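What follows is chain A paired twice: with chain B in the first complex and chain C in the second.
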Partner chain A sequence: MTTFIDYTLNGISNGAIYAAVALALVLIWRATRIVNFAQGAMLMITTYIALAVTNKTGSYVLGFIVALASGLILGALVERLVMRRVEDGPPLNAVIVALGLYTLFVAVAGMIWSDTPRPYPNAFSILGYKVGGTRLLFAPDDLFIVVVVILIAAALAALFRYTSLGLQMRAAAFKPEVARLLGVRVGRMFTYGWALAAMVGAIAGVLVAPSVFVAPNNFDPILITGFVAAVLGGLDSPPGAVIGALIVGLITSYVSGYEGSALEPLAAFVVLMLVLMVKPTGLFSATKERRV
Partner chain B sequence: MSALRARTAPIENLLGRSTLTRSLGLVIVAGVVLYVVSGQLGAYNQSQLATGLFYFAVLAGLTMLIGSSGQVSLGHGALMALGAYTVVLLVGKEGWALVPALIAAVLVTTAVGIPMGIAASRLRGPYLAGATLAFAVGLPALANQFPVTFGGSNGLIINPPLPPSWLGASFSQEEWWAWICGLAALLVLFLVYNLTRSGLGRSLRAVRDDEIAASLCGLRVPRLQSLAFVISAACAGLGGGLFVVVFQLATPESFPLQLSLALLTGVVVGGLGSLWGAAFGAAVLTLLPGWSNDISNSLSLSQNVQGNLPFAIYGAVLIVVMLVWPSGIVGGLRALAKVVSTNRRRDL
Partner chain C sequence: MLEVEALHTRYGPVHALDGVSLKVEAGHVTAVLGANGAGKTTLLRTISGLVRPTEGRVLLHGKDITRTPIVEIVRSGCAHVPEGRGVITELTVEENLRLGGLHRGKEASPPSEIYELFPQLVERRTQPASRLSGGERQMLSIGRALIARPRVLLLDEPSLGLAPLLVAQLMACIRGLADNLGLAVLLVEQNARSALSVANRGVVLNLGKVVADRSPEELQSDEQLRHAYLGF
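What follows is the complex of A and B.
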């Protein structure tokens, strides 16, 4: 029973990290209809910057804030300088450019920081909570991860639901032409969308860094799992991304706990296929009338 | 009809009027060129040629899938793995000859491609990409799960295929591999050339452009999409089998997600939907890593920079090609040709 609880809590804290990545992908997909394969490399860069700041100043919080800020800047730069030029082109071109950016970022990170993995400090203790005499694997640091991701999700929901900026971003994503006629600065909204997404990704990077270590390629798996989670939940739906990520987090945690971690990706594939065969556009995306 | 003819490249027009004779002519010309070229190369370049040729076999199928039917697959690296493991198992453990093993590889990937294709025909755009991506990541796990059969993470090896004795003692094994891969690539060229110019190819393009209109014309959209997926899967299986011819091994690490992504890259950077594009894409995938390695080795740089410069060049090339030539190398060359001879329109 204790192991089951351990696996469940582990699945939730992993799922929270996948949720942050999935949210980043969904934000960009909604804004510009691009699956940002460079996201994993972007959050790797911001995590390196945060690590440098934390090591210099000894402050975890300062590193966290720098990660957020550098995420915002990097996201805006990537959109403005590169992605803007392929947003209107064939959709696959944007994918290839994103893959090119991924390769470039990984190589540049290797040049600057070498390929040797570096440890990243935990925000809180990783010694599990004690419940009724047994020590769980779930620790204050895991709780921190879950709380941070819940806060991000709530903040994003509030942004899109209650603010003028959020409304403009939704309008720009939904009908760019109409939004532009109504005075929305559509291009600027796309930049904001990318910046915001990269910031959410940066948070995921800082949260996952202590357990994967910081190296140029170490964040690839969470991007892949985050993408699978986003597809599972429906790429158009932020709540779908969070729920998809929790499902993937729990299932991979159970499978790797009971059957071995080698089967984890296979389990993710099976679950994704089961869901997509029933709902071809993910669990939570709005059903569109499409008669074929 | 005349509009259609005007849209085909003039080189191909020289080869005759019917698609069949034109494709045969193209195959013969390509075969002669390959024969002459492969004889001139050194051993290293011959194995590079063989590599490029098996990439071409995979990319030709993939460009038909993505370019003609509009489905995006990120899982063709895993299909190559299926073909490769089939050949390695049959040749290495069962003692089969190479050609039947390659045919078996095609059959196996076709068999796996059928359910995948049926599933794929229900999915669109990023959802299909996500599903095939999960397949590409998940499948290699099987090799580790059944280490006795598949050799675990070490994979399986075979002895290098040796040229038959009638070719003479001086005939190198690398040239023999290039011949095998060349014959297979020509077969794929013939097949895909005819398929994309047949009624099936036109139906697929109709489906790609507008599914609803196509289905109203009586085309069975899911069946066509599944069929395109199965054909491209068969090409990937053949390519995977040829991978074994060149490298004599199959390991889970030989077919990572990066391979699937590289295949997609090759198809798009070369020029989506055209066999010339597949050829350019195969050349890029084969030559670019070597060239960027040479460039970074020729400069005296620190170890970190030197080790990573090839990847930086690769990434930068992808971005620049896509920004400068949105329709890939083929599109770029056509644009150049248009500038050179403005009296001849080639806008296909």
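What follows is the complex of A and C.
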């Protein structure tokens, strides 16, 4: 029983990280209908920058803030300088350009920081909480991860729901031409969408870095799992992404706990295949509108 | 108020507007009529800046807006209600309305004024616009344009898909906007008879050219023109 609780708690804290990655993908998909395959490399870059700041200053918090800021800037730059040119073209162009960016970022990171994995400090202790004499597989650091991701999700929900900026971003994403006719600066909304997404991705990078170590290719697996979570949630819906990520986190945690960690990536792919075969629109995609 | 001078718009080899000129004054409704493909929608899209003309000028309050960014055109008081599904179905009714007024900030009408004009929308306020009927969607699109207190209103086929009774109500409402608010209305319609019943002027387009620009009475009494272009 305790192992089951352990795997469940572990699944929740992993799921929280997948949720951040999935949210980053969903935000961009919603804003510009592009699946950002460069997201993993972007959050790798921002995590390197955060690590440099943390090592220099000894402050975890400062590194975290720098990760957020560099995410915002990197996302905006990528949209303005690169993706803007392919947004109107065939979807495949954007995918290829995103893959190209991924390769570019990984190569540049290797040149600057080398391929040697570097440790990233934890925010809090990784010694599990003690309940009735046994230590759980859930530590203060895991709690920190879960809380941070809940806060991001809540902040995003509030932004989209209650602010005029959020309303304009949604309008630009759903019907760009209509939004333009209502005075919305649609191009600017796309830039904000990318900046926001890259910032959320940067948070995922910092949260997962202690367990994967920082190296140019070490963030690829969480991007894949995050992508599975986003697809499971319908790719269009932020709450769907969070719930999808929790489901994927729990499944992979149970599989790796009971059957061995080698099967963990396989489990994610099985989930992806099942979703694509059974319900390709995902569990939470918006209902199709009624045509009148 | 709104003046269009010798406007030419091309989509690749297609010459969609071939030297169109017209004028709409404050408090007047000008109906633009003609068959499918006559260039009616292109005319509105060119005025509001969604497509750019190859030649000619668009003047709003006497100011040349031919190369002005869309956002600036909207902000200077020209509202374009696009054809069909211009309502953003993923947003609620109230969100659609608020969105229309955002660029005017405090100068926008409060939503309550729009609800007064279209009482059917009140009870649907918090529902997603996807639940609205065709007529309600049309009201929402127009209300969303009006909330920004525009001076010029471009309407693209507002009667499309509406029951005859609703069409009559809608046309009366459009007339009221011109009379009571002093709006200059450019009304694109396939439903020529209804449009002419409220218009001060009728412009007939065919293959991108103006074939007639006359008063509604003159258009209606010209049997040849009516049969050839207006379908009644």
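One rule holds for everything that comes next: the second predicted complex is superposed on the first by the 281 of 292 C-alpha atoms of A that agree within 3 Å, B and C clash if a C-alpha of one lies under 4 Å from a C-alpha of the other, contacts with A are read in each partner's own complex, and residues count from 1 in each chain.
Keep this in mind: contacts are C-beta pairs under 8 Å (C-beta built on N, C-alpha and C of every residue); 3 or more make two chains touch, one makes a residue touch a chain.
What you are looking at is a predicted structure, and each value in this text was computed from that prediction instead of being measured.
Asker: Per the contact definition in the header, classify A:Ala268: touching chain B only (first), chain C only (second), both, or neither.
Answerer: First partner only.
Asker: Report for A:Val108: first if it touches chain B alone, second if chain C alone, otherwise both or neither.
Answerer: Only chain B is touched by A:Val108; chain C is not.
Asker: For the overlaid complexes, name the partner, chain B or chain C, with more touching residues on chain A.
Answerer: B
Asker: Looking at the overlay, does A:Leu72 come into contact with chain B only (first), chain C only (second), both, or neither?
Answerer: Once the two structures are laid over each other on A, A:Leu72 reaches no partner at all.
Asker: After lining up the shared chain so the two structures overlap, which partner does A:Ala209 touch, if you call chain B first and chain C second: first, second, both or neither?
Answerer: neither
Asker: Does the superposition put A:Arg185 against chain B (first), chain C (second), both, or neither?
Answerer: second
Asker: Once the structures are superposed on A, label A:Glu177 by its partner contacts, choosing first (chain B), second (chain C), both or neither.
Answerer: Second partner only, chain C.
Asker: Return the residues of chain A at which the contacts from chain B and from chain C coincide.
Answerer: Of chain A, residues 292 contact chain B in one complex and chain C in the other.
Asker: Spell out the residues on chain B that touch chain A in their complex, using ranges where they run on.
Answerer: Residues 66, 72, 119, 122-127, 129-131, 133-135, 137-139, 141-142, 144-145, 211-212, 215, 221-222, 257, 261, 264-265, 268-269, 272, 304-305, 307-312, 314-319, 322-323, 326-327 of chain B touch chain A in their complex.
Asker: Mind listing the chain C positions that touch chain A in their complex?
Answerer: Within the complex, chain C touches chain A at residues 48, 50, 70-71, 74-75, 79-80, 82, 86, 88-91, 95, 98-100, 102-103, 130-131, 133-134, 137, 144, 148, 161.
Asker: Name, in rising order, each residue of chain A that touches chain C in their complex.
Answerer: 164, 167-168, 170-171, 174-175, 177-185, 286-287, 289-290, 292
Asker: Okay, in this complex, where on chain A does chain B touch?
Answerer: 29, 35, 37, 82, 85-86, 89-93, 95-97, 99-108, 110-112, 114-115, 224, 227-228, 230-232, 235, 262-270, 272-273, 276-277, 280-282, 291-292
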